[in-house]
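As structure tokens, the structure follows; a few thoughts come after it.
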Amino acid sequence: MQLGMIGLGRMGANLVRRLMRDGHRCVAYDVNDSAVRQLEGEGALGAVSMADFVAKLEKPRAVWLMLPAGVVQSTLHELIGLLDPDDVVVDGGNSYYRDDIARAKQLGTRNIHYLDCGTSGGVWGLERGYCLMIGGPEEPVRRLDPIFRSIAPGLGNAEPTPSRTRTGTAPEGYLHCGPSGAGHFVKMVHNGVEYGMMAAIAEGLSIIKHANVGEKPQTFDAETAPLRDPEAYRYDIDVAEVAEVWRRGSVVGSWLVDLLADALARSPQLDDFTGRVSDSGEGRWTVLASVDEGVPAPVITAALVERFQSQGRGDFANKALSAMRSEFGGHAERKG
Amino acid sequence: MQLGMIGLGRMGANLVRRLMRDGHRCVAYDVNDSAVRQLEGEGALGAVSMADFVAKLEKPRAVWLMLPAGVVQSTLHELIGLLDPDDVVVDGGNSYYRDDIARAKQLGTRNIHYLDCGTSGGVWGLERGYCLMIGGPEEPVRRLDPIFRSIAPGLGNAEPTPSRTRTGTAPEGYLHCGPSGAGHFVKMVHNGVEYGMMAAIAEGLSIIKHANVGEKPQTFDAETAPLRDPEAYRYDIDVAEVAEVWRRGSVVGSWLVDLLADALARSPQLDDFTGRVSDSGEGRWTVLASVDEGVPAPVITAALVERFQSQGRGDFANKALSAMRSEFGGHAERKG
Amino acid sequence: MQLGMIGLGRMGANLVRRLMRDGHRCVAYDVNDSAVRQLEGEGALGAVSMADFVAKLEKPRAVWLMLPAGVVQSTLHELIGLLDPDDVVVDGGNSYYRDDIARAKQLGTRNIHYLDCGTSGGVWGLERGYCLMIGGPEEPVRRLDPIFRSIAPGLGNAEPTPSRTRTGTAPEGYLHCGPSGAGHFVKMVHNGVEYGMMAAIAEGLSIIKHANVGEKPQTFDAETAPLRDPEAYRYDIDVAEVAEVWRRGSVVGSWLVDLLADALARSPQLDDFTGRVSDSGEGRWTVLASVDEGVPAPVITAALVERFQSQGRGDFANKALSAMRSEFGGHAERKG
Amino acid sequence: MQLGMIGLGRMGANLVRRLMRDGHRCVAYDVNDSAVRQLEGEGALGAVSMADFVAKLEKPRAVWLMLPAGVVQSTLHELIGLLDPDDVVVDGGNSYYRDDIARAKQLGTRNIHYLDCGTSGGVWGLERGYCLMIGGPEEPVRRLDPIFRSIAPGLGNAEPTPSRTRTGTAPEGYLHCGPSGAGHFVKMVHNGVEYGMMAAIAEGLSIIKHANVGEKPQTFDAETAPLRDPEAYRYDIDVAEVAEVWRRGSVVGSWLVDLLADALARSPQLDDFTGRVSDSGEGRWTVLASVDEGVPAPVITAALVERFQSQGRGDFANKALSAMRSEFGGHAERKG
């Protein structure tokens, strides 16, 4: 079928490519002309303006937004005036699910359908397919089924779940999760889980990397905890090899371990990185949801806090700790 | 080559089977006679006593222990008197790496080689192969290479790591990690990582499962935090389907998600479980190592603490919290 | 001066008493008649209705609300129609500071002043005085200074801070923290700090209480982590006495330790409590603020999560953990 | 009575002073001559060598060690050869309680009594008195009661616990906690509690300090979580004043808040500190004990991990996180 894509960054452009490979026709638009021309060269129908984009789509239209969360609202504002009743708009980016609830209502007043679709797969999705978590009303979700099916990885990528007896699209890598916002809610939590898994792997390799602390000269003063058993920490273990071996047959086998093994194969000390780890919203929102629900999520929460600390945002608290130590014990801070 | 296996529980018996499938000859011994006879029926050479076991092995002998951590020491004590210089003993169980250091020294006084080998793969290893993390001196590790290679998953189970240029056995699923104890050290941390990954997945699905708290009647009293936006928590999301869809193309794709999807396919409410989560040592030891090293591991640590809490071990602290609330605010505990 | 109090629960009634002791005149109103009559008997001027209450106050009026957060909005709605420009309303309860911002604007359209005042001190405030954290515009805060001064503990309760050279009311136990909402913001974080301090104390005493685990019979199976050094855990320490001794001269000396020592003096096993620890909003809001700000607050956050777990809200996650353990390792849950 | 003190650092010297003020006679020894001479000038009997020290003590001797943990063992080794049966040695420093168990046995073979005494009070103890947590056999504890009583704060420093009906020394600020090691065990956990309380206070003030994030220019890119409600974070709150007001009447009132208020009165931005927070052993040991016992201590543990992070020890894990983000999403690290 035909789909219009607004937003031709890495994700949007690859979605268009994956759809065209599977026989769909795509209309492509971006504020950046050269991104449009690039995809025209690969077979898409380019648009020079939002109006041109809408005009080139067959009714009822199917429009997919693949935009930074910060420009979705203004784009929708411009788009909505050009659409007709029964058209469908999919927000495939990382919007906050609470915004979806409001937007679905807003578009609903004009009988335009709004779907929210969490899209996981990153830069690898063109080849692997994208895992899709979809929210919104039944009918338009069904209408776009051929699109979702082509974008998703399909059955081939993993062994069937042995005990599974139900029908449904989940084994093909896309799922209608519930009403408006449900798709981005599930994607939001997916990213929260991702934070926790990444942190577990990173911390574990760090513990292994420092298994040689017993070989380092120790400092003996009142400000330094002594290592009681240095002879138990005399290992120089190659963490790049550990990541590689964990890829096969182990319980922690996962795509994240695959990726980290690749990064370590290129750079065993990860010297390209400073260790300032960004967070881009979904992790925070997952923690807010856990607090609102009153559901304990100690690991996901700790993973988020760890990122804040990597960003240097704990400085004032740390100074306050040193100040208290100085006050009650006369402890000076150790340097370096 | 020939290998002797002591301990024919689920893990030990399957190791013997996997080795025999690959053409190795196995001598099998267990205190439980029927386990020995079972494997004799499958082609192993059974032993009726430790002495018989040792007598049936060709020199220099290769012995693999697959035993609960608690009986390794006594078994070694009996075994060591029967072995000869240059024999090799592999401890393939979940021993604490500090015990390995001591045991390697002890056996070394008699010129017997001791290897520690962390073995991951659980009940699925017979088919998938086992990920092996090995510690000990070079020569006996090299000598047993055919054994390790047959037990490990081999290259076939995962795509090659694209950036990898090094040689070595890691891509085949086994790795010589370092001197005595290094194998169990890496396996210990592997299990710590496993705790963290499991917790991240479990917490995420729990947040999704409780996305309907806004539909529940709220209690309004001074002891209950109000939910400010109930309309944002009105989702009844099928967590079994979410686990299934996450198996394909998503960033959290992993063997653990595969397994949980299977459990949820059988029992969507997980009614077979009460939620009392055991911990069996390696998670604790990983946290102890992180503390000794002074390496922050907030996520792995939180995952361990979460298990302690599931075991009801926070009761006294919780009572103390309620007592303080009662003292300063006259707050009574809410029931139910 | 004269103050009108709406809400004569424990906190409100004691505020009236403390003000009258210091020579202020109070008009008292509550939907519960008997609470009004009780304070009339102690010297307050009782009101039989909101209109009566407002009529009995001298202009410009000063009204203090001491109500559950859930009824503040409806009370304000009724009250506002009866007030005149330049009257002042103080919300002394535990409202969310974001509501203060909205309410101050709403009342401001009628030129009525709105102050938010976080009030700490609990059931002991009548004697000790209440710590007050105030938000709102300068002028009405200054106007009510005699009221705040009387409610606050005053200089007498603590040694002067040696290095302090500034003037200001903080040493008397009340502080104008900033514009609307700032008072409840500081009170909210105060309660978050309280969660963390309480948890630290409770956990510490719990570790001391369980210092006898080495004397208990151990279970040896694959589901139980072994205790390697039972001889290091053979202490039966009296935690009630520990709390008492920590009250004097120690670094952890605090009002919370005082209170817990008292609870333990009455009931060394805290048998009156089940360990289900409520949370009533401020802890959650503090964590939400830390996430919005991107400021790491691992300890306050962990204290909140610990309460959720005491409430049994981790059940599904725990079942999922047991399910995964069963899948990969064939581990059954241990009972009891 | 007479006491010999070995180790005349800040703590040891002040203990001698406090004892002499209360009429006790002290023999003072330190490897640093000038420290000995200083105390001689204040009335102590100085010793020029360990042998001289022992010779100047009346039998049965009472010796108090106030030494860095690292030199206790060697000092004991020298001292033990000079003592006689029935002499008493008190280790008043911060030794690990497991060492106490071994040392008590070692000295017991010569019928010398060994007491372990956790001493809290820091640089303020000379005036406030020191909170003492004592371990060891009954008789020598009783024998040294006059010493403990003089060092401890006594009844005067805090209101009596209202519900307390028991007798015992705890209200005077010293407590015989149990057999050898029990004193340092309780002191160790005391310090763990201290870590948690300090962190709660520091984090809370940090959240208040950053309540103005809504006034800062925001970055809009895929690597930065957007702040949805900047208008809710426009407070410039004076944290020094907040610490001061919390000192009086609030639930978080504590000696630690007193101390931090003083530090902030001198330097509101705490510019003298870099935020590298040392840890000196007891916090680590407390966490190890909680893990061995299987007792959840999420807050104390998080406080320890937070210190490790302030020391920059999370770098490799953080780099691994950034590496994974780069791999799956093409995310570059944000600078600055």
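Quick notes
Lettered A, B, C and D in written order, each chain numbered from 1.
Here is the rule we go by: contacts are C-beta pairs under 8 Å (C-beta built on N, C-alpha and C of every residue); 3 or more make two chains touch, one makes a residue touch a chain.
Molecules present, by chain and UniProt name: A, B, C, D = Decarboxylating 6-phosphogluconate dehydrogenase.
In this text, all values refer to a predicted model and were calculated from it rather than measured experimentally.
Common neighbours of chain B and chain C under the contact rule above are A, D. Interface comparison, A-D versus C-D: the pair with the greater number of contacting C-beta pairs is C-D. Relative to chain A, the chain whose mean Cα position lies farthest away is D.
Chain C and chain D have Cα centroids separated by 28 Å. Computed from the mean C-alpha positions, the centre of chain B lies at a distance of 38 Å from the centre of chain D.
If each chain is reduced to the centroid of its CA atoms, chain A and chain D end up 44 Å from each other. The set of chain A residues that touch two or more partner chains comprises 122, 199, 201, 203, 206, 210, 225, 228, 251, 255-256, 262-263, 279, 284, 292, 294-298, 301-302, 305-306, 309, 313-314, 317, 328. On the side of chain B, the complex with chain C involves touching residues 10, 68-70, 96, 122-124, 198-199, 201-203, 205-206, 209-210, 220-226, 228, 255-256, 259-260, 262-264, 267, 270, 272-281, 283-284, 298, 302, 306-307, 309-310, 313-331, 333-335. Interface of chain D with chain C (complex): residues 97-98, 101, 120-122, 125, 128-133, 152-154, 157-159, 161-166, 168-175, 177-179, 181-182, 185-186, 189-197, 199-201, 203-208, 210-211, 213, 225, 227-229, 231-238, 241-242, 244-256, 258, 261-263, 265-266, 286, 289-290, 292-303, 305-306. By the touch rule above, chain B contacts chain D in their complex via residues 251, 279, 284, 287-288, 291-292, 294-298, 301-302, 304-306, 308-309, 311, 313-314, 317, 328.
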